[in-house]
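Chain naming follows the written order as A, B and C, and within any one chain the residues start at number 1.
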Amino acid sequence: SKESSAPHRHVTEFVGTAMGDTVGLVIANLDPQLHEYMKLDKKYRSIGFLSARTGGAPHVMAADEAVKATNTEVVSIEMARDTKGGAGHGATIIFAAEDVSDARRAVEITLEAVEKNFGNVYSSDAGHIELHYTARASMALEKGFNALVGKSFGIIVGAPAAIGLVMADTAVKTANVDVVTYASPNNGTARSNEIIISITGDSGAVKQSLLAAQEVGLSVLSSMGEIPKSGSTPTLI
Amino acid sequence: SKESSAPHRHVTEFVGTAMGDTVGLVIANLDPQLHEYMKLDKKYRSIGFLSARTGGAPHVMAADEAVKATNTEVVSIEMARDTKGGAGHGATIIFAAEDVSDARRAVEITLEAVEKNFGNVYSSDAGHIELHYTARASMALEKGFNALVGKSFGIIVGAPAAIGLVMADTAVKTANVDVVTYASPNNGTARSNEIIISITGDSGAVKQSLLAAQEVGLSVLSSMGEIPKSGSTPTLI
Amino acid sequence: SKESSAPHRHVTEFVGTAMGDTVGLVIANLDPQLHEYMKLDKKYRSIGFLSARTGGAPHVMAADEAVKATNTEVVSIEMARDTKGGAGHGATIIFAAEDVSDARRAVEITLEAVEKNFGNVYSSDAGHIELHYTARASMALEKGFNALVGKSFGIIVGAPAAIGLVMADTAVKTANVDVVTYASPNNGTARSNEIIISITGDSGAVKQSLLAAQEVGLSVLSSMGEIPKSGSTPTLI
């Protein structure tokens, strides 16, 4: 095999990269044919978008911050079965905007926020666990996880899937929270080896549930061999 | 990245681990919210469950032994697209029971039986083949592969999928067996790169078919480079 | 684990191997039970087939050459989520024929053509891009991508998926081409981390679109770290 010798022109659409083999891009005037295939609302000419090889929830959480801070709409969240041989997802998230500068800003904010969200993603050779918390869900979480906008919201992920289930059970028994979504290998995932729940409730209850789920998840995943490591800096402690 | 510094409490739900990056757990009283999301029969309070990163059929076969020996029901078998970058599945299997000790025992038996079932799983860098045999199928095989309970039953797997197809054709021509299920990348798998058939018939016919499929499968997989290796100790010889 | 000690008989069904962990096989008289499960037209007794761990479009392109040159029909194209931990697909393609020599020849031609088609597949640790062109689509491309037989046809793939989208937008803006298919992680792929479009139009327009898509794709993928490398010898230059 040989390296590409094609000239690498400056790509005006390029915005940046982030943890998770993530790349962010923008298109000022999406081609009308693609617009139709993608079933986007015609009022939006511009899109900002990003794909990650590794990370579903960390990227949706980051996009949630972006949509709060910009005049954009999250029009699509798709999950690939990926993580480069790991047990989970990669994500593709599309923001639509009337103005390309808004679309670009949404992608920038998302890319900036991703690394922080890997702080509560713990991985080992055997699998991974994730905990995500926001005090106030916005429209990316509504799109991706049916969150109620404005409410406290948490996401709990465990892989292999059995770990997600014991984390889920622990979480909902720990405090007064409601389950919003439940996904498993055959239903609601891209056939990833995960059980994923999202929860809502009082801010304190959601946090308490995540902490309890984290504790049991770390213990069980550790029992499978390696001690899991945080992707960046843990914040749920 | 840093290692988790969270205290690792003793997890009462933990049962054990097994080959395949497999972990087994038990929940004595499944939370009612999860119970509903998982669509389980309300008469069961307790579940025992396990997930593997690698191994669909070996784990269903092991669960079949467990369900024979315990007062449990196999209520769910889900297949992730996994094997850690390999061509096949990981499995999540849930046993339900009225009594938690039954659920725990089912998980224990399954974990103990898994390694033996990897004896007839042969893997190489290019793919894998699997042969599984039981003289008397029980309810895990009924749930996972539509087996007739009490009958001789065999499972044949080949990856990449073309190997499974030539193994399948060889098997059904070798002896008087009936095909029970046929699965391929687009139908009946989690988009794994496998063709999987299950067969029934007289005990001798099923065994003879598996042996012939094994021979052709090993030969073709070997032709792709490495000599495939058994996961533990071959028994179908 | 131990190596298989089973005797490796000569397998008459074996045809050959190719780049992509690809194996080709033939069955002269497909077993009637399998024939039915596979929903094949009864007039075909013989099948030739191949599976790849890595490569969807390169194999369909190769099969398109084979079907032009032989008296066979492409009866099935299935895409696994594979590439051995990469972001894309593996393919299983089945040719049916009344005569086994035709089926064998179709597999041989496909295997011979595959390596060339990896010339315009560029991969890095972060992802891959692909460009495929034919002046005259035949029935494998019709089956796999709804191509109009006899027309110029191009396929554009980018992974992670965002790269495919910016390549697609660039392609359709570059020249007067029509989008034939659009696939993304949740629709039309096996949950791969790709956006894939196929295009048709004048031969010159299709080529010009592919070149422009290649340039932007290589630039963006390069921005993610490694310089992508061609799988064999680039031809689209």
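In this section, contacts are C-beta pairs under 8 Å (C-beta built on N, C-alpha and C of every residue); 3 or more make two chains touch, one makes a residue touch a chain.
Nothing here was measured: the structure is a model prediction, and the numbers come from that model.
> Quick one: remove chain B in your head and tell me the pieces the remaining chains form.
Ignoring chain B, everything left is still one piece.
> Do chain B and chain C, two copies of one chain sequence, contact each other through the same residue numbers, with over half in common, or through different ones?
Comparing the two copies, chain B and chain C contact each other through largely different residue numbers, since under half are shared.
> Centroid from C-alpha atoms only, then distance chain B to chain C, rounded to Å. What do you get?
About 30 Å separates the centre of chain B from that of chain C.
> What are the residue numbers in chain B that touch two or more other chains?
Only 81, 84-85, 190-191 qualify.
> Which positions of chain B touch chain A when the two form their complex?
1-11, 13-14, 17, 21-25, 27, 30-31, 33-34, 37-38, 49-53, 78-82, 84-85, 90, 92, 190-191
> Taking the touch rule as given, give the residues of chain A at its contact with chain B in the complex, in rising order.
81, 84-87, 122, 125-127, 160-163, 165-166, 168-169, 172-173, 178-179, 182, 184-187, 189-195, 197, 214-216, 218-220, 222-224, 227-234, 237
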